[in-house]
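Beneath this line is the structure, given in structure tokens, with notes to follow.
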Amino acid sequence: MWQWFYKLGSPRYFYEMTTGFVPWLARATFLLLAIGLVWGLGFAPPDYQMGDNYRIIYIHVPTASGAIWIYAMMAVMAAMHMIWNIKVADMVAKSCALIGASFCAVALVTGAFWGKPTWGTYWIWDAKLTATLILFFVYVGVMALRSAFDSETAASKAASVLTLVGVVNLPIIYYAAYWWNTLHQRSSELGVRDASANPPEIWIPAVFSGFGLIGLIFVIIILHTRNEILLRERRAQWVQELVKQETGNA
Amino acid sequence: MTPARKQKLMIVGSIVLGSAVAVALMLYAFNQGLNVFFTPTEIAEGKVGADQNIRIGGMVKMGSLVKQGAGTTITFIATDTNEDIPVAYTGVLPDLFREGQGVVAEGRIDANGVFQANSILAKHDENYMSAEVKAALDAAAERKAAGGTP
Amino acid sequence: MLSVANLACERDERVLFANLAFTVAAGSLWQVQGANGSGKTTLLRILAGLNGDYSGELQWQGKVCSEVRTEYQQALFFLGHAPSVNRTLTPLQNLRWFCALQGFADDAAIHSALNEHGLRGYADIPCYQMSAGQQRRVSLARLSLTSAKLWILDEPFTALDRVGVAELEARVSRHAAAGGAVILTTHHPLQTQHPLTVLNLDALRPEAA
Amino acid sequence: MSRVALGLGASLRATLRRELQLAISSPGKIVNPLMFFVIASSLFPLSGRLDIDVLGSIAPGIIWVTALLAVMLSMESLFRSDYDDGSLEQLLLSPQPLYFHVLIKVLGHWLVTGLPLVVVAPLLGLLLNLPAQGYVPLLIGLVLGTPTLSLIAAIGTALTVALARSGVLLAVLVLPLSIPVLVFGAGVVDTALNGLPVAGVIALLAALLVLALSFAPLAIVAALRINVQ
Amino acid sequence: MSRVALGLGASLRATLRRELQLAISSPGKIVNPLMFFVIASSLFPLSGRLDIDVLGSIAPGIIWVTALLAVMLSMESLFRSDYDDGSLEQLLLSPQPLYFHVLIKVLGHWLVTGLPLVVVAPLLGLLLNLPAQGYVPLLIGLVLGTPTLSLIAAIGTALTVALARSGVLLAVLVLPLSIPVLVFGAGVVDTALNGLPVAGVIALLAALLVLALSFAPLAIVAALRINVQ
Amino acid sequence: MLSVANLACERDERVLFANLAFTVAAGSLWQVQGANGSGKTTLLRILAGLNGDYSGELQWQGKVCSEVRTEYQQALFFLGHAPSVNRTLTPLQNLRWFCALQGFADDAAIHSALNEHGLRGYADIPCYQMSAGQQRRVSLARLSLTSAKLWILDEPFTALDRVGVAELEARVSRHAAAGGAVILTTHHPLQTQHPLTVLNLDALRPEAA
């Protein structure tokens, strides 16, 4: 277990292990997303109240919860980087920040465009919305801090510290729900648990697009991390050999 | 004990102590109740005095919606099935606002006990259903209400 | 006292030094030499524990430095390029804080340290009113206050006038002679009675070898 | 020699004394955040013709937001000169427990910058037409909240100390983290103005303070070590 | 030699190019003021439960005040590194006309920090529920007002450049001077929201800009000379 | 070229120098000497026109300096304690701006100036990645680019390694020999072929006299 853990911590092992694995993950992801989105956006029946507007759900919900989970993952990576000085963990954290922030932005934008027809306003200072906005700010802070440093080591350590400090905000944001009323709906889990209310035509595509999005998150993170590995290890012998091979093949 | 050890112990000690105190304070806070968002029941219990700027949440009671005059002023009854409160509002309504649907209103309770809203937001519930399903369900509910067995 | 094994450091693709191994014994005086950019400052900061970006091992009295950090820091005096002198405070206030961080208070000693370093009468003048060399002297007055065994000094002669340079050279030799150890960098030829060990980073650089 | 050995307490007092001496030798350090607080709050009434009651109802928000900005801006200088002149290296290399020295440094800074804000806040309340029952909650909130803000801002300062003039970056890091303090702090006043009980909110503010007191020094020390490379 | 003699225009372009290069090599310089602008504006609605209409009516004030703060904070770095590393001495000792070089430097800085603020302002309008007829006046006001604010802030920066980390002092100097811009700038939106003609207020803003363009460089140059002693 | 009459300066009640009078002729090389805090930096900044806090008269080519300011600044190259190198820009970008301020553009000359100063290959590396001495070299590369007659250099040898010091000594001598004039301060003994005029501020100080 520990051995595996340390092995995964080595950039080279990470790179080589993912080389075979990523294309399959990417294909599966593409399939899931295609089914989920085409079905959800194209064929699922319109909602009795919101008509076709509700279709935004197939993008909004996964990106919104994705943004939250990605932060959690980033924090775990930051902790691993601080405690065991695992470089790959930092590279993953860096990728997490980028796509977490993008997901957060997408959730905000889709939510806002959804809010106009349903609630009558693009934006309201409601707990969940506010929490999402703050999360976005924290992501941006982490990225801004990282890019402000010249030295790679200092940048990654500083970003890790800020990421961990930012974790404190998460439960507080959660309790802020007591503060603003929640206009945003509570978690419905789309009726997956007690299939009583939401019919399968609506939640099955959501499940597809949800898993597709999870796959997408991992594909992007892994690809980004692989890039980062090549960049940071560009002088390591194995990378040089890899480059030689690639250019030889080309 | 070496000085280094002693230092570490002091630091760990203050962190543990701090966490304990913080947890205690938070528990106390949550016991106090932090709500500034009220249900009709809480209002009926007299938790809110007149002329406090608050938010209320509930459902628009079936059959209570009345449009007045040119149609920009409305009154309706907000309910949490337990208690009711009359609400008055002037302004543009969101699409989702309709009877039987969740609503959040912000405003004050006037001297007559009417909630004078200065903003109204509609709330979607946690369920999504297609128009046909909704119709079928409604029909079933009606039949049930009529006392028939399916 | 301090022994270094297998030390290597690279910055931005360039290996500054690799396989560095040496032992700084009590009573020795080391000068780290090298052209501009050869890595002297980097090496000194690694030895002082301020730069963690290296591979290799540092041992203090036979124990790994990072494990006996407090002990090592008690035995270490480091002075970098910057003088560590707050410009709005007076020399007295500056040095008082330094002493408190070392765990003692002793105004008489501070005054005599200032006098020794040619700053008689300057104890209560804010440091921003002093010239570059005078500020450096305030900084060096710490040498008379610390009880550290190992001194690590990065270009300590900067901005000192000739008298100041000679005095510092003498002080450094005395410390080594009294059983301490000194590691310093400087670009000017040192004039000391004490035997000098020179570590030349230029000669050590892999590509140069 | 007349050498007196100092315990931890005495050497912490030396750090506190130094912080206060620095403040005294450049009085701007005390006066400027205050002036900023007053001027920035009065920008709002200037920037639009507001109804006087509306002004009163947004007063807690304005006061808290400007207090937050004032604390943050004044914290910017906390480790700055120490970093520039190398004193920070000396602190990091001293055999003393950094955790406590850093904590004392932040608290010393709060004494000269945060506390005066609390003292003038009622004046701003007057300017901004804050209703009478808002003053006591405002003060309680600020007393508990500004040290927390100082500690959070100190984390930001420590993270950015190696970067030249990083005022805006500091804001981008610190403001999101301070939002909970702001929400509960202004919430105390709001709750009181609405005639509701404030004990719960105050307890939350206190909890945040205690948390910050025990965890912020860890983050600050880690951040300083990273920056003094 | 391949030496090409440069006229005034070409050497001003070199100064502008350097300013842009500095911005590109640290992208935070562009992004951070923007983020500050967004985050600081959203602090207000967070700090109290505001009625949505009240929020809309104070939106112009909030946007203008935070724009002012963002411009001021980002200006802090204008002469900082040049002073610290001695480049400012070289500028002062060059045989070139300082007046124009300083003007170009401020405008270059405005291009990378002020202009982006104008671009995201409508987004903040959305967040703060600004009524639809307020957007165009807001943009016009900001386009005319932010360069003026930059020039005023540059005077403050030049005056305080010799002082380490002077964020708060800068604010105390600059904010009072900026009040007219703020009043007219927010006034444009207010006037439009009230359905009154805005041409007069816009003309006043433009007049302030022209005044600042012609006199601020004088003050900046004088301030720099005083500080580089 | 530059003549000084009756120059006096005091800082915080202390007279640094008074009645200073000398003429820096074309082809001469001046070294200002003095202990720490004797006023060397102050004097150099007064001569360069950066410090106006003095009494006395400065003349450039027979005309009062402040009246022929542009002309004087065209003929002057000043380098202070700080290297005047922006750390986020590259040497090339730094020097391009310097050239533009002098009113010309010439990339080829910049590259050869960098090569001359031992920075071949560093033209496009941001300066923060360089050591203290390398930054100082970027700064000194200006000497090969300026066409100024009068050079005023405050401790230009700081942070340079031995080769760098020797090269700079040679460069300074060549400039004087070619009809320019150089005024510099340094605490280390200058080794130049060119005749050196020493101005000792310690000897000049009123209380010392």
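Think of it as A, B, C, D, E and F in the order they're written, each chain with its own count starting at 1.
Quick note on the criterion: contacts are C-beta pairs under 8 Å (C-beta built on N, C-alpha and C of every residue); 3 or more make two chains touch, one makes a residue touch a chain.
Note that this is a predicted model, so its numbers are computed, not measured.
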Check: When you check each chain against subunit D and subunit E, which touch both of them?
Finding: A, B
Next item on the list: Return the chain pair with more inter-chain C-beta contacts, choosing between E-F and B-E.
Entry: E-F
Checklist line | Farthest chain relative to subunit F (centres taken as mean CA coordinates) | finding: B
Check: Going by CA means, which chain is nearest the middle of everything shown?
Finding: D
Note to self: Could you work out how far the Cα centre of subunit B sits from that of subunit C, in whole Å?
What the structure shows: 66
Next item on the list: State, to the nearest whole Å, the distance from the C-alpha centre of subunit A to the C-alpha centre of subunit E.
Entry: 36
Checklist line | Computed distance of Cα centres, subunit B from subunit A, in Å | finding: 31
Notebook entry, point to check: Which residue numbers or ranges of subunit A touch two or more of the other chains?
Noted result: 121, 124, 137, 140-141, 144, 148, 153, 179-180
Notebook entry, point to check: In subunit D, what residues contact two or more other chains?
Noted result: 57, 81, 84, 95, 169, 172, 175-176, 179, 183, 187, 190, 208, 211, 215, 229
Next item on the list: Please set out, as single numbers or ranges, the residues of subunit B touching at least two other chains.
Entry: 3, 7, 34, 36, 53, 55
Margin query: Help me check something: in the complex, which residues belonging to subunit D touch subunit C?
Written below: 1-6, 10-11, 14-15, 18, 21-22, 25-26, 81-82, 84-87, 89-96, 228-229
Margin query: Which residues of subunit C touch subunit B once you look at their complex with the stated criterion?
Written below: 69-71
Note to self: Per the contact definition, I'd like the list of subunit B residues that touch subunit E in the complex.
What the structure shows: 36, 53, 55, 106, 118-119
Check: Hey, which residues of subunit D end up touching subunit A in the complex?
Finding: 155, 159-160, 162-163, 166, 169, 172-173, 175-177, 179-180, 183, 187, 208, 211, 215, 219, 222-223, 226-227, 229
Notebook entry, point to check: For subunit D, which residues count as touching subunit B in their complex?
Noted result: 57, 95, 97, 99-100, 190-191, 194-197, 199-201, 203-204, 206-208, 210-211, 213-215, 218
